[in-house]
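A short worksheet on the structure shown next.
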Amino acid sequence: MMGKTTIPEEEFVFPGSTGCPGCGANLVMRYLLKGLGDRTILSIPACCWAVMPGYWPSNCLKVPLLYTAFEATGAAISGLRAALDIKGIQDVTVVGFAGDGGTVDIGLQAMSGAAERRTDAIYVMYDNEAYMNTGIQRSGSTPWGAWTTTTPVGNSHGFKHESKKDIMAIMQAHRIPYAATVSVAHPEDFVKKVRKAKDIKGFRFIHALSPCPPGWRMSPMHGVEVARLAVETHMFPLYEIEDGRVVVTRKGKGLPITEYTKFQGRFSHLTSQEIESIQESIDENWRNLLAKEASGT
Amino acid sequence: MTKSYEEIPLTPISSTPSTMNLTGLWRVVKPVVDKSKCKKCTICWKYCPDAAIKLVGGEPVIDLMYCKGCGICSFECPAKCIVMVKEG
Amino acid sequence: MRVIEVRFHGRGGQGAVVASEVLASAAFKMGFEVSSFPFFGVERRGAPVTAFTRIDHKPIRNKSSIYEPDFVVVLDSSLMRGVDVLEGLKTAGRVLVNHPDGKKLDGMDARFRYFVVDATAIAISHGLGSPTAPIVNTAIMGGFARACNIVTIESILQSIREEAPVKPEENVAAARQAYDQTQEAGA
Amino acid sequence: MREVMTGNYASAYGAKLARAEVIAAYPITPQTSIVEKLAEFVNTGELRAKFIPVESEHSAMAACIAAETAGARTYTATSSHGLTLMHEVLMWASGARLPIVMTNVSRAMAPPWSVWVDHMDSVAQRDTGWLQFFCQSNQEVLDTTIMAYKICESARVMLPAMIIEDAFILSHTSEPVDVPDQRLVDSFLPSYSPDLKIEIGKPMGFGSLVKPDQYMEFRYKAMEAMTAAHDRLLAVEREFRDVFGREHGGLLERYKCEDAEVVLVAAGSVAATAKDVVDALRAKGHKVGLARIRSFRPFPDQEFKALASKVVGMAVLDRSYTFGAAGAMFTEVKASVYSSQKRPVVKNYIAGLGGRDITPKTIEKIFEDISIVSRRGLEDEVEWVDVAGLPRRWR
């Protein structure tokens, strides 16, 4: 179909935001707001996106935005929702939009509280897998084997030796009504899941992989391709957890992990055994995910 | 230009569209579209991180005031009709 | 001798801050007192970055920014479209620009002396950074030794050899080549 | 209608009468009965509000900040470690210019663990841009909570305030308290409707990044607001007196200071005890008065300057201690009177930390000491009172 777009054409972001060239987090925000529309209020803590809109008085979003302290997203969306409720303001989607460090590390407590209180909000984590706004330091969401400035590889092969925190499993344990992973390489699926989340009441969680050219040591032009391969290699499977049940939404070809890592300088130091051990853990995670889906848990 | 304390709000509340920041100046290379080969599939528009590609009659028009020259559109274009060329 | 103040203009990822540090360490090796500092703003790859170096005989206590530099170094001439790189430059101050051809340098101001070197081509030829995002700072520092008569090329090369995070020899070679190729524009 | 109730309940009634709309709080001794009472009010429908049982004090303040930004009147309460955990977002609330009102049950900091009164936690927040009211009675706690909303929500102020009640000595002590009629409070305190709030249809960013060339102007505005709070406080208290027939002494309550030669300076519940001591000493012919710091922020600077020229000695009792310096209140009183032509001798007495009781006897001894040193001159400016192992007896 000539000239017909496969996702809503209306934009809720202005150009001129100060993200790096090829920034995945810009796409995450762009698709999120296409799915949610303008009756949305965002709360954003310290992270790349707190700088993206530019210096005051610049603002790159067409929806209202509350900046908060680093660990406070979960609390802020609780406060926003309480105020809207007591003021009788309806049909507004309250969204917490935070980075991986701001979610799995410093913000985990507040998010867990908000989830446990069944706060009626959507929490979106754009995951660029390290503290990028402060210059690529490792976070709890940095994958095993990755270089960052605080897991240097110089001589002692000091890449990150802990595995990525499985935040989806943590949110599943909170028994929330809906969680989903989304990819900037699959905007149609992304918007569909966001719309689904929008219509569910209670605490919903969206985990978006957000490629970061400077942080992943790769060329900006591969910003989408690397997200595509993350899905195809099962490094970042696409699935939903609806009322506690896993539903895989894209099988992916199961390509070898090297198809994913080859673009990225942050993995270039790994030996073939180390790549092999990543492959093994990915395959195991994938088997577990399918097993979860099969057993309806 | 620093605004007087009497002209600013109580706390920094931003409402000026970010189009005030001409991020196009950041480019080292820029995308050039070969209209003859373009199939109007809108994929370049879809994947532009900066929403710097507009669709005019379904055809991509790149806003060089804001495009940062990341090259995603060029890489993703199925018809390979967007080429990154050196700036200046 | 009064303090000498230098301002570097570059883009995020081009090494402007490292250039200011290389200059400081080179001057220090020659027995000067130094200080170098970046203007910390939103560092984004491609976004304009400014960095500064002070060189003096006596220890440098002034911690405020530099407003009237003696020298300006421009690591990316495309910056000159959006940034006033000449702001506050002292009369008879010198401007070193990474640019392929001195004659095509538009907007030259007669009050200042201009020097050019194609640091981009030199950096790419030595495999520094990537073709689309070359790291030009060591090459430009070679040019600086020629254009601005404070630090010798030897002290620059020694600093680069010690401090280049990767490819020290290629960086040294690029600096030496830039030193040789730098010429006054419009001369 | 007068009832006998604890300081904590007085706080809860204050928040209820002020019609707080969003309450986000985390329990901590000895504040718990405030949040329990409020949860009860919300449950019975006596108070129409959203109660968020947050998972930490940091989140309590962050939730209030968000709710207040969305135009709701908010309230919270905490103490000691809860208050200090909030430190980051206390600064956020004032920087965001949000008139949040909070009760802090002032309690000692650990270690050593202590659940009893001292002012270290409250005084340590003196730089956060919050108004700070130290109360001496449960009535003052209730009244000041209501007044604080009116002061803070004024357009020229728009800063948050903390109402400080001493752990156990007020929070868990029952006293007669007049609970004003809701309609009367409604006439005194209009509902909260800020000019700017976060709302659909207004795409604005609240709390953006500001460059060095613009930050100071925002801070200057906040300074102006804290300065304006001084007169606004007096005006609101006058109106409160006209409506409810009570007042609490403005920023610095001067008790029998008119002809005083020597003045005791104190904050919180010990100041009430000190009034008894002043009366007793007056009966013996001593010209002594009490200056009670009710508003520590904004600091009653003009009031102290006016007092300084009329007295020869000031005994500043700090129920906290700033290590490496002196008691915070002493430091600020001394600084305030420094520029006066006629300067009194000012001495600091550190007393009552960690709940140590300050008896009338102790206060009397402080009076004796200041009377001597204000004539003979100071040896040391700071003296710790009633510390086992020190030679001097204070009881």
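As written, the chain order gives the labels A, B, C and D, with residue 1 at the start of each chain.
Rule of thumb we're sticking to: a residue touches a chain if its C-beta (ideal position, glycine included) is under 8 Å from a C-beta of that chain, and two chains touch if they have at least 3 such contacts.
Everything numeric here is computed off the predicted structure, so don't read it as measured data.
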Least step count from chain B to chain D, where 1 means the two chains touch: 1
Innermost chain, taking as reference the mean of every protein Cα atom displayed: A
Two chains joined by the most C-beta pairs in contact, as defined above: A-D
Distance between chain centroids, defined by C-alpha means - chain C, chain D (Å): 56
Whole-Å gap separating chain A and chain D, where each centre is the average of the chain's CA atoms: 44
Separation of mean Cα positions, chain C and chain A [Å, integer]: 39
Centre distance in Å when chain A and chain B are each reduced to the mean of their C-alpha atoms: 23
Junction residues of chain C, two or more chains touched: 42, 44-47, 132
Shared-contact residues (touching 2 or more other chains) in chain B: 12-15, 22-23, 26, 68-69, 71, 84
Where chain A touches two or more other chains, by residue: 18-21, 51, 53-59, 213, 219-220
Interchain contacts, given as pairs of chains that touch: A-B, A-C, A-D, B-C, B-D
Contacting residues of chain D [partner chain A, same complex]: 21-22, 24, 48-50, 52-56, 58-60, 62-72, 74, 88-89, 92, 198-211, 214
Touching residues on chain B, where the partner in the complex is chain C: 22-23, 25-29, 68-69, 71, 84, 87-88
Chain C residues within the chain A interface of the complex: 12-13, 42-47, 130, 132
Of chain A, residues touching chain B in the complex: 2-7, 9, 11, 13-24, 26-27, 30, 53-54, 56-60, 184, 187, 213, 219-225
Chain D-touching residues of chain B, taken from the complex the two chains share: 2-5, 8-15
